[in-house]
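As written, the chains take the letters A, B, C and D, and residue 1 is the first residue of each chain.
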């Protein structure tokens, strides 16, 4: 029983970490058909900004979180104006933006290496304490992350479903030209989406670093997992992504216990391959890449 | 001048320059780096066939390269196959793997292909790296695929023994010859019926289908053709470095190579070669920046793509067209 | 040579060399009473003003091992500055160049090393570690007839050199192979039991490793010899990197609590998380971790959970006169958080090589096998007491002896140090082996007597 | 005759170096139904896209109530009340009918409730289907939804791009009934249609577009009286 509780707890923690990393990525893909390879670096940057704001600037953790979200939103905007906007006018947007964001991600990552050094740093924004279920001790931090993932998901869902701006984002993702004919200023929507995904990345970076600690390269793994989640869910499907993230987290924890840790990642990847071959547009995807 | 004649002319000029290089600049560093350039150029020229001509966003090319390298090394290590036989055998094995990957990708489009092929490459990597059980214990614990340490001591093509102090020059010419063949194949594919079929499929899929041009058949063909030389290049890489490790799957190498194609110009004949040359020179030049090297490289990558979204080749063609 | 890093005069040496002798201060006294005095006297009043000698280092200055890679670079930089202040090698100053090996695959390592030779014509490559087979850069050294000193800490080196000593004469492993961590650890446990400092509750030992030559070789060495020390391996689990969520692994441990948990995975951030997650519901087990706890960041992350954790290193700066003086100089130059233990590796390696080269009458450029063979011969015959203890190379294997597992005389082998974090706000205590130990073993707070 | 609402003066437009429209001159007058007819591929849709700002106007001008609009962004043009119902059914397939209609009012949400009522009265089918995903509607329903969405914008000028394309005859009749009703209510409508016969008698003005040029203009009723033109250009 304890083992089961432990696996579920670990699975939910992993799933929550993947989910927070995925939301921003999925949103950007959904609305711009853009695989943002700088997502991992932005996420890490968010973690570092939060750390610096608390430790060096002495800000309250809540303010630090806002500061990180703000800075990363700016980075998102910068990516829009410097890369996405010029590339949207040319052919081969999908491949070009893929390469361009790889370059941008590498710049951000190496600037962090210069600025914050290579040593792992603990994330000061963390919740102390634990809850005990059976004989299993679950750090409150993990529960906190799961909560944040759910809040973010619900927040993004409300934004997308219930607000006019959110509808415009969805409309743009479904049909750019038709959205323009409704009077949607597509450029502004793209800028908003990239800014929003930057802010989401910052929050997820803070959450992930509170468990995995801050290093300049820490974003790579969550980004890879986020891609996997996106594929399983269907690219650009935000709800599907959260559900898939948590399911994959649970699967990973179970594989780690049953088969051994070293097989867990390979199992995830094999699952992705099977899903893609069996359901080419993801478990929750439709024939066309239709989001939400 | 017809385009095919122009291609032959450019090819011969480049070849002549490359043949002369070891005489003009005999420094070892230039030679060994050029050999590496040949190896990567073979890969990008073949990758370009899938990516640029086939329009399939496949990231499996490095996995195919690794397949060739591992097959060569393992044939030599476990079965003592002479390297001159092992490398072509590795090419054939790579073709088989390439066609399997092609089959898996058939129903997918765009970024899903990218993610599927990446997942396949990652599975291969993870399975090799996480294998810590000893398969044999000759020369220490050795997992089946060599684990993290990789496979070494599997043999040589004999050029080191033949030219003890100048073996690297010999390898240079081997690499050059392989590249020349690979480029010839790529010209034949692009200008020939396979290229035509893909152009038809891209420009007017309905019409192409009605004329009996089946995506299925051509997609498999292009995977097979590009896999063969990529596998051979992998084998040569193994020989050249004497060791094959899981770093051939490294994501950064993969990104570096795909950047070559995109920067050079997707789908063109000379673009990927040009891109490979530009990026390898940039990579070399950025070493002068030491700590700022990766920042410089990243900036360069982004700036190139944003400034010339059709690749250097597209840009050159356009500027020539506007002059005429 | 724009790429070679600019060396500054180290602050231990003010102005001329004469000043250095007279008012060198505390650090200088330590430096000059030790082996560096020998190099200094051989240089015989020469000033390091001749043609520079290019030396190189390829190490992971970016990517996941960057914390160590940057310290390796610092270590060699400091060594070169000091050696140059002592007159270089017979009057020729050292000029280091660095190449990044990032993720340290064999191919990358070989290319980086080859580039050092081809571009900079280095006479020696003085590395920290590069994860990989640990048996690839030796080929470059052999092909080019130069000296290669590294701290890869792998049995692969010993096997390679043994297989063809006539080819690999120039390659030296400055520390003992990782293999010795295995028997050394078991011997350490035996010592604790014999001294009555700790008693096993059962015979079970859990071994947790990660993919990689280093971690898996150590784990396999422990597994191989465990029986003869009366241990049963109850869990042998390979984790994949990064490992931030330890729940499933801890569940297995808690289901069947072992007396000892031996973790040979070594990334400090992951180990910090293990400590935290273990501490929330500990089993009465002694916890040993490989390497990671030596990085200060480990203590920052694990906080109280770090107290009681044991780790070991076969190569680390000692907490003695020479070691602490080095630590002081190092931190003055590179900041209070700099990891002098990693920097100590190429630092000692550089001194061993430079001294041997001076004894041999100078270094050789690539291709000058004759001169470099002389240097190698001197290195093989030297017993060098540096900041990490004694460096003495095993004949035909060109790797350092380890004390006490391999030799029982502390002056003839590099100490296999066992350290324990007893108060996470301070540095660790060296608890074994004698005579280097500075603190006594403390029962971890989670084990009730 | 009422004053011109939308006026196109010698406008040329096209995509990257290829001119599709060549010096087009026409106007749509307030409260009238202006039709543009002509064979497929001769620039009818491009004309509407150029008016909406989706295709750049390379020379010439476009005016709305005397104010120049051809240099504006698509969203600014919509804001000024020039609304296009695009060809086919460029609905937002994963949104409900209701959400699609709300998107129609994105640029101008004043009096949303009344407009929604108006659309539901005009197109009662949409009310039934309001919570259904647009992607699951039938062809005719989708077209209705597209028109309803255009009406939600409450614009000055409604431009419809081949609203009958690909529909069954009976559905086409329903659609045109709606459009002609709108005309009777006094809306300004610019309609693109391939089949001239279908609309000739209802249109106030007809322009025949051939190869990117206006080949003939006249009153709606006139066209059918000129069989030689119908034969030459429309191949009926």
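By definition in this document, a contact is a pair of C-beta atoms (placed from the backbone, for glycine too) under 8 Å apart; a residue touches a chain by one contact, two chains touch by 3 or more.
Note that the coordinates shown come from a computational prediction; the quantities given were computed from them, not determined experimentally.
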Required minimum of steps from chain B to chain D, each step between chains that touch: 2
Most central chain, judged by mean C-alpha position against the global CA mean: A
Taking each chain's C-alpha mean as its centre, the one farthest from chain C: D
Euclidean distance of C-alpha centroids - chain C vs chain D, Å: 77
Computed distance of Cα centres, chain C from chain A, in Å: 38
Distance from the mean Cα position of chain B to that of chain A, given in whole angstrom: 32
Distance from the mean Cα position of chain D to that of chain A, given in whole angstrom: 42
Junction residues of chain C - those touching two or more other chains: 62, 211, 238, 240
Shared interface positions of chain B, touching two or more other chains: 126, 130, 132, 291, 294
Multi-partner residues of chain D (at least 2 other chains): none
Inter-chain touch pairs (all): A-B, A-C, A-D, B-C
Chain B-touching residues of chain A, taken from the complex the two chains share: 29, 33, 35, 82-83, 86-87, 90-92, 94-96, 98-107, 109-111, 114, 224, 227-228, 230-231, 235, 262-263, 265-266, 269-270, 272-273, 276-277, 280-281
Chain C to chain A touching residues, read off their complex: 62-64, 66-67, 69-70, 211, 237-240, 242-245, 247-252, 254-255, 268-269, 272-273, 276-277, 280-281, 295-297, 300-301, 337, 339
Residue numbers on chain B that touch chain C, as the complex places them: 27-29, 32, 36, 126, 129-132, 134, 139-141, 147-150, 152, 237, 241-243, 245-248, 250, 252, 287-288, 290-291, 293-294
Sites on chain B touched by chain A in the complex: 51, 57, 104, 107-112, 114-116, 118-120, 122-123, 126-127, 130, 132, 255, 258-259, 262-263, 266, 291-292, 294-295, 297-303, 305-306, 309-310
Chain D - residues contacting chain A, complex: 52-54, 73-75, 78-79, 83-84, 86, 90-95, 99, 102-104, 106-109, 135, 149, 153
